[in-house]
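Below, each structure is written out as structure tokens.
Here come two complexes built around chain A, the first alongside chain B, the second alongside chain C.
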Partner chain A sequence: MKNMDIPRLKQIVGENNVKDDPADLFIYGSDASVHRAMPWVIVRPEKTSQVQGLMKFADEERIPVITRGSGSGMCGQTVPSHGGITLDMKGMNRILEINPPDVYCRVQPGVVDDDLNHALKPHGVFYPPTPASSRTATIGGEIGNNASGVRSVKYGATRDSVLGLKIVLPGGKLMSFGTRTRVEATGYQLHKLIVGSEGTLGVVVEATLKFVPIPKFRCLGLANFDRLEDAGHAVADIMAGGITPSMLELVDNVAIKAVNKTMNLGLPDVDAVLLYESDGMVKEAVDYEINVMKQMCAKHNGTGLQSSYDAKERAKIFMGRKKLFPALSKFSELHASTSLADDMAVPYSKMAETARKIHDVAKRHNIIMTAYGHCGSGCMHTKILMETSKQSQWNSARKAVDEIYEYVRSINGTTSAEHGIGISKASAFKAEKADSLELMRSIKRAFDPNNILNPGKMMDAPDDWVTATDLRYMVDA
Partner chain B sequence: MKKRKFELNHLLKWRNTLDKCIRCGYCYEHCPVFKYTRWETEAPRAKLTMIYGLLSGKLEPSKYMADKIFSCFNCQQCVAACSSGVPLTEIFTDARADFAGTEFDTTGTTSITGYGCANCLTCVRACPHDARYFKDGHIVTDSILCQSCGICMDLCPNQSVSATHKYGTDRIYLNRQITDFLQRKNSKVIVFGCNWSFYPDLQSSSYDLEASYVPIYEQPDPEYKILINMCGGRLTKPLILDPFLENAWGVLVACCPDGECEHEGNVKVTAHVKGMKPVLDALDIDSERLGLVQISHGDKSGFQKAIDAFVERVKVLGSPVSGQSMNQNIRSARNEQTRSVR
Partner chain C sequence: MKNMDIPRLKQIVGENNVKDDPADLFIYGSDASVHRAMPWVIVRPEKTSQVQGLMKFADEERIPVITRGSGSGMCGQTVPSHGGITLDMKGMNRILEINPPDVYCRVQPGVVDDDLNHALKPHGVFYPPTPASSRTATIGGEIGNNASGVRSVKYGATRDSVLGLKIVLPGGKLMSFGTRTRVEATGYQLHKLIVGSEGTLGVVVEATLKFVPIPKFRCLGLANFDRLEDAGHAVADIMAGGITPSMLELVDNVAIKAVNKTMNLGLPDVDAVLLYESDGMVKEAVDYEINVMKQMCAKHNGTGLQSSYDAKERAKIFMGRKKLFPALSKFSELHASTSLADDMAVPYSKMAETARKIHDVAKRHNIIMTAYGHCGSGCMHTKILMETSKQSQWNSARKAVDEIYEYVRSINGTTSAEHGIGISKASAFKAEKADSLELMRSIKRAFDPNNILNPGKMMDAPDDWVTATDLRYMVDA
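After this line comes the complex of A and B, so read on.
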């Protein structure tokens, strides 16, 4: 650990915005991933000029800088594997402007997603990327990971909603990328490059985001399938059916069993459940889309078809999916739920096959894996349930993850749909993007010649994620 | 008193449970301590991470760490929000048990008895958690049992009970909030809520934008503001009067229904409100301007309906008599209430 010039940092951001007690450093050393490392100091800037001062200082001293929002990332993006300064951006949490006539808002990076939507609601609009963690996730973190959620099938990911960004480069220079207009064909759109760069190119200090109208009607439907393959075929047919669902979710049998076992919800013990939703301003249009989806499900042997516009009914239908997380965590006393190989995207026609493959791999390696996800956008989520205290389980997980990613590449899928790369997915990412890694490194050098911004992530992360950092679990030798 | 050596004892049984926490952070936005400080290090997840550090031998115990462990209002909102079903407050209680009596022992949000205590034992009798007792000529707090509900702070006739960390639950902070709000255009009503029954989370609230900031010119002009005072039982009579000093049109006090309050604070605050009505009458303030409503845990829509109805009721009553003379009357009455033995 490098001796930090704490008085200088306090001079830049103020006495109360610097923490360096071992307990604080330990807390900021992990996120929602399996990794753990210690920063040297935590700094919480409150304004852009402070970020500029910090970046100048860090670049001069060659100190790594790791930008952090709520620390809810699942791949270790905010784990300071090379130490350095953790920049807690939650201190910059102002909504600067809401401009309905020009259909944009300007926010600081520490604004929480739900807060933004709360502020937008009176204007009849919402910011659509909204990941499942919107209650805590910050806009800055979502930009870093190009986050998206259940409705990305209709509204896209974060990159689709970002019009412009202000970022601070190493050395302290403030740059303004993008525009406030809906379209732009003015050279390289560097703001789009920053989205998904995981804090490796600059520190976002302001974002200009577009928003969309809140739909007046929302209808949610459900179908049960005795064969996973049938659900997969229904998904492919729905997406090819000339409609745009606002949500299309698949839940597999492992997940259903977990929910039934721990929550006693009495869901039918079928091979797969498909949840489909349509929203819009005109009820007839929503009716039409729901009916198309029902027909596609029926065509592929879907049973128990039901749908509702009523908010309470919709909540009831969605209950099984909503309870999935806690159900997996409570699955057994011995097993913990880990985020590994957890968000690949595959072509629609391969959804069912991918789910089968995941189950096969899990069985062979003596771990439990479930498959669920936003299949409307091709995103397949998994959770690995394992005995985290056993080294042998980590070895099995390593093999399983490798096999799954190899398969995903073989069917033209991609390593990450919405959680990003960080440390855990670096080896799969490097294998997938092998021919462009050097180009990416060149881009990184152009922004950050001294490599101080989130070093050791993405293309520069070690190949073996199990040993890349300490694991945040107590693993017996 | 001789301090014992710190040893991991009560915490040992939670080793496997700690791995259940997937570190999603859903507990953050529900935690009153985090909401106040906006530091991740004060969030429930951070406490679990620290405890993991202790159990794994990666962290040495310290007073700084203990201060975080003892800073918790036991509101259990984190437990309700946990996506993995981790019994956070049970774990925190065991952490307290391991820290209590050691060289790192501290008080955090738990109540402490200061100078001026007359040993009247009112707090000992009133504590709903049997956390206060008389020993060696002093009243002391069992910091493991204490739930930081604050009932003893309100009841102490000599105002000798306090807490080291208050995180926005103290009267000075709440008073500032009252003044700031009632100086705004269109402001009318102060609503005192309790953390247990309806702490307004950000997702479903339509009135609390404190976590993020919208410029004043962008904000609608709200007619009411909800202030959280951890437990209705902690709400003092002078604090109930304070909004009237700032020309509030009305004050609505919300508490848990009978039998649902973990601290029986609802009984006390109901008595307070009842007791304040004659005071208001004496001040020529229509006692209808002070309302009381019981709300079950998590009944946000019921809470909203009660607020809307109350605001409409005071709007019918119209603006209160304003002016220096009324303020002076209230100020005298408030001072009287502060002095009187409650």
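After this line comes the complex of A and C, so read on.
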């Protein structure tokens, strides 16, 4: 650990906004990924000028700076693998402007997603890129990862909603990218480049976001499938069927069994479940879309078709999906639910094949993997349930992840749909984008010549994620 | 003019694909902007390997390369202000794949927008970013400018539709950016950076584009306004009204008078006209949106409200807008319709104020300016009608353009909505993005270290567009 000039940091951001207590450092040493590495110090700025002061100091002293929101990232983006300052942005959490006539809002990066939507609600609008972690995830973190979520199939990802950004560069310069207008063709769109850059190019201190009307009607449906492949065909037909669902989710049998085992929900023990939703201002249009989706499910042997507009009924239908994370966590005393190969995107027509591949690979390597996700966006998630205390299980997981990503590349899929790269997915990322890594490094140098911003991530992360950092699990020697 | 090695070029791209006849060079010396500058040679590659060979040669010899589609750009993007090779991409015009289940197509850059949509139609889908020039504009040119058009309010701009790009870098390296999937969070999104980069970063040789279903119902409405400001208020209310029009167009009195004068259409001589459209798969939903828009127009004193689903009726309603360009061209023997300050985007609430400002500035400088555009996207277009033979009119136009762009910046608008920067809008662009020009130059260096790709444009264009190149009009001394 570098000997940090704590008094100087306190001068820059205030006495109470600097922490180097080991207990705090420990907390900031992990996120929702498998990784752990301790920062040297935690700094919590309250305003842009403090971020500028800090970035000037850090650049002069060549100290790594890791920007962090709520630490719900799944690939180790905010784990300080090279040490340095963790910049906790949750202190900058003000909503600066809500402008309904011009259809945008301006927020600081520490605003929590659900809090923004709570503030937007009285205006009859919402901010669509809502990840499963929206109760804690910050707008800044979502920008860092180009987060999306269940509604991305209709409403797009974070990049689609960001109109402009203010960022602080290493050295302290404040830059303004983008606009407050709906369209722009004014040179390189640097704000779009910042989205998904995982804190490697600049520190976001303000975002201008567009929002959309809250639909008056929302209808959620469900179909059971005895064969995963049938569910996959239904997805492809729905997406080519001339409609735009507001949600289209796949849940596999591994997940269903986990939910039934731990939550006692009594879901039918089928091979796959599809959840489909339509929303809109006019009930007839929602009816139409739901009917198309039911027809496509029925055509491919979907059974138990049901749907409802009623909020309570919808919650019941969605229960299996909603309880998936806690169910996986409680699956067994021995098994932990780990974020590994947790996120990929594939062409629609390959959804079922991908899920099947995941199961096959898991079986072969003696681990448990579930496949689920926002299949309307081609997004496939997995969790690996494994005995994290056993080194052999990590070796198996490493092989399984490699095989799955090799397969994903072979079908023109991509390494991440919405969780980003960080450390865990770096090897797959480097294989997928092999020919543009040098260009990405050149771009990083243009923003961050001394490489202080989140060093050692994405194109600069080690190839083996198992040994890249300590693991945040106790592993028997 | 540099002494070009014509035999070498013919070796690279084939005997018949190299032209240096002065008549050809003259044609390729201008586009739809006011500028003129001759290329040294025109090269028309037929395949990617030829582009690679050419880019290797040009980079070694430090020869400027200007990529060109149909030359319908309005700001001089394809005018070779520094000479060099004009790379005519219209020879690479194949549609490589149409994939309905995975909802994407792959095309070469020379494909004309309307041709792509013609090919997509049997599949029940369309490619939405359709500029007014879609009969001639190529997909490559639209990517270069981040083109959009009347339907961008609902369907977004080119950047929103591009999933992936293959580009050739100076030196000849072929790179693949992006994916074939709907969402992606896999590192820096270089394909999104290429969109709107006006041929300064690489030569696009293939694009993967998403498409959307052709709506079954389309209804177009019209409202007349005695006060431009009322039309502006109607626009802001519509955009905050919980609906998503598929088109929302403003036409001002200058344009109406021009159409009436030259086309004898007998349109009501009102201060402004709004055209509003809704489309969808369900008639009730389209009815609902049209009714909301009619109500908003009526609330703000709109009169003569009419709407129709019928294709012929819709064509009649749209006639005034459609005839705008030819009407302006034929306005008078003395006046030419020039693309200057032709394109900006402003917040919705400032649409009317912006149009009024444009009229005021024009009057003060003794030129004629019309204001119209895709106000649902905040996009405002103008044309300057002026006596192009008079130097004094160019001086007036220069002042008018400067004043208008200064105003646009003051209300948080942006220099270009969809036509790009090129040469004509460089001074406004440089003022708007002053603090990020150096960063843009660094990014360009990362892609193009020898600055051969479209040099002297955007951040590197001269401040005075009037003297930046020859004008393509005869101006009396």
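Definition applied: the second predicted complex is superposed on the first by the 477 of 477 C-alpha atoms of A that agree within 3 Å, B and C clash if a C-alpha of one lies under 4 Å from a C-alpha of the other, contacts with A are read in each partner's own complex, and residues count from 1 in each chain.
One rule holds in what follows: a contact is a pair of C-beta atoms (placed from the backbone, for glycine too) under 8 Å apart; a residue touches a chain by one contact, two chains touch by 3 or more.
Predicted model, so just to flag it, every value in this text is computed and none were measured.
Visitor: Have a look at where A:Ile95 lands relative to chain B and chain C in the superposition and call it first, second, both or neither.
Guide: Only chain B is touched by A:Ile95; chain C is not.
Visitor: After superposition on the shared chain, which partner residues are touched by A:Gln189: those of chain B (first), chain C (second), both, or neither?
Guide: In the superposed model, A:Gln189 contacts chain C only, not chain B.
Visitor: Could you say whether A:Ala285 touches chain B, chain C, both of them, or neither, answering first, second, both or neither?
Guide: Second partner only.
Visitor: On the A-aligned overlay, A:Glu333 touches which partner chain: chain B = first, chain C = second, or both, or neither?
Guide: First partner only, chain B.
Visitor: Between chain B (first) and chain C (second), which, if any, makes contact with A:Ala417: first, second, both or neither?
Guide: second
Visitor: Please indicate which partner A:Met459 is in contact with in the superposed arrangement: first for chain B, second for chain C, both, or neither.
Guide: Only chain C; A:Met459 stays clear of chain B.
Visitor: By the touch definition at the top of the document, which applies to A:Gly124: first (chain B), second (chain C), both, or neither?
Guide: Second partner only, chain C.
Visitor: Determine, for the superposed model, which of the two partners chain B and chain C contacts more residues of chain A.
Guide: Result: the larger residue contact count on chain A belongs to C.
Visitor: Taking the two structures together, which residues of chain A meet both chain B and chain C?
Guide: No residue sits in both footprints.
Visitor: Which residues of chain B touch chain A once you look at their complex with the stated criterion?
Guide: 15-16, 19-20, 22-26, 28-29, 38-41, 46, 49-50, 52-53, 55-56, 58-60, 62, 64-65, 68, 82-86, 201-203, 205-206, 209, 211-215, 218, 220
Visitor: Taking the complex as given, what residues does chain C use to touch chain A?
Guide: Contacts found on chain C: 99-104, 124, 145-148, 152-153, 156-157, 159-160, 173, 175-177, 179-190, 192-193, 195-197, 212-214, 236-237, 239-244, 280-282, 284-285, 288-289, 343, 345-349, 374, 376-379, 412-421, 429, 432-433, 435-436, 439-440, 442-443, 445-447, 458-459.
Visitor: Which residues of chain A touch chain B in their complex?
Guide: 19, 21-24, 26-28, 30-33, 42, 44, 70-72, 88, 90-91, 93-98, 107, 111-112, 114-116, 118-119, 121-122, 133, 135-136, 325-326, 329-330, 333-334, 336-339, 388-389, 472-474
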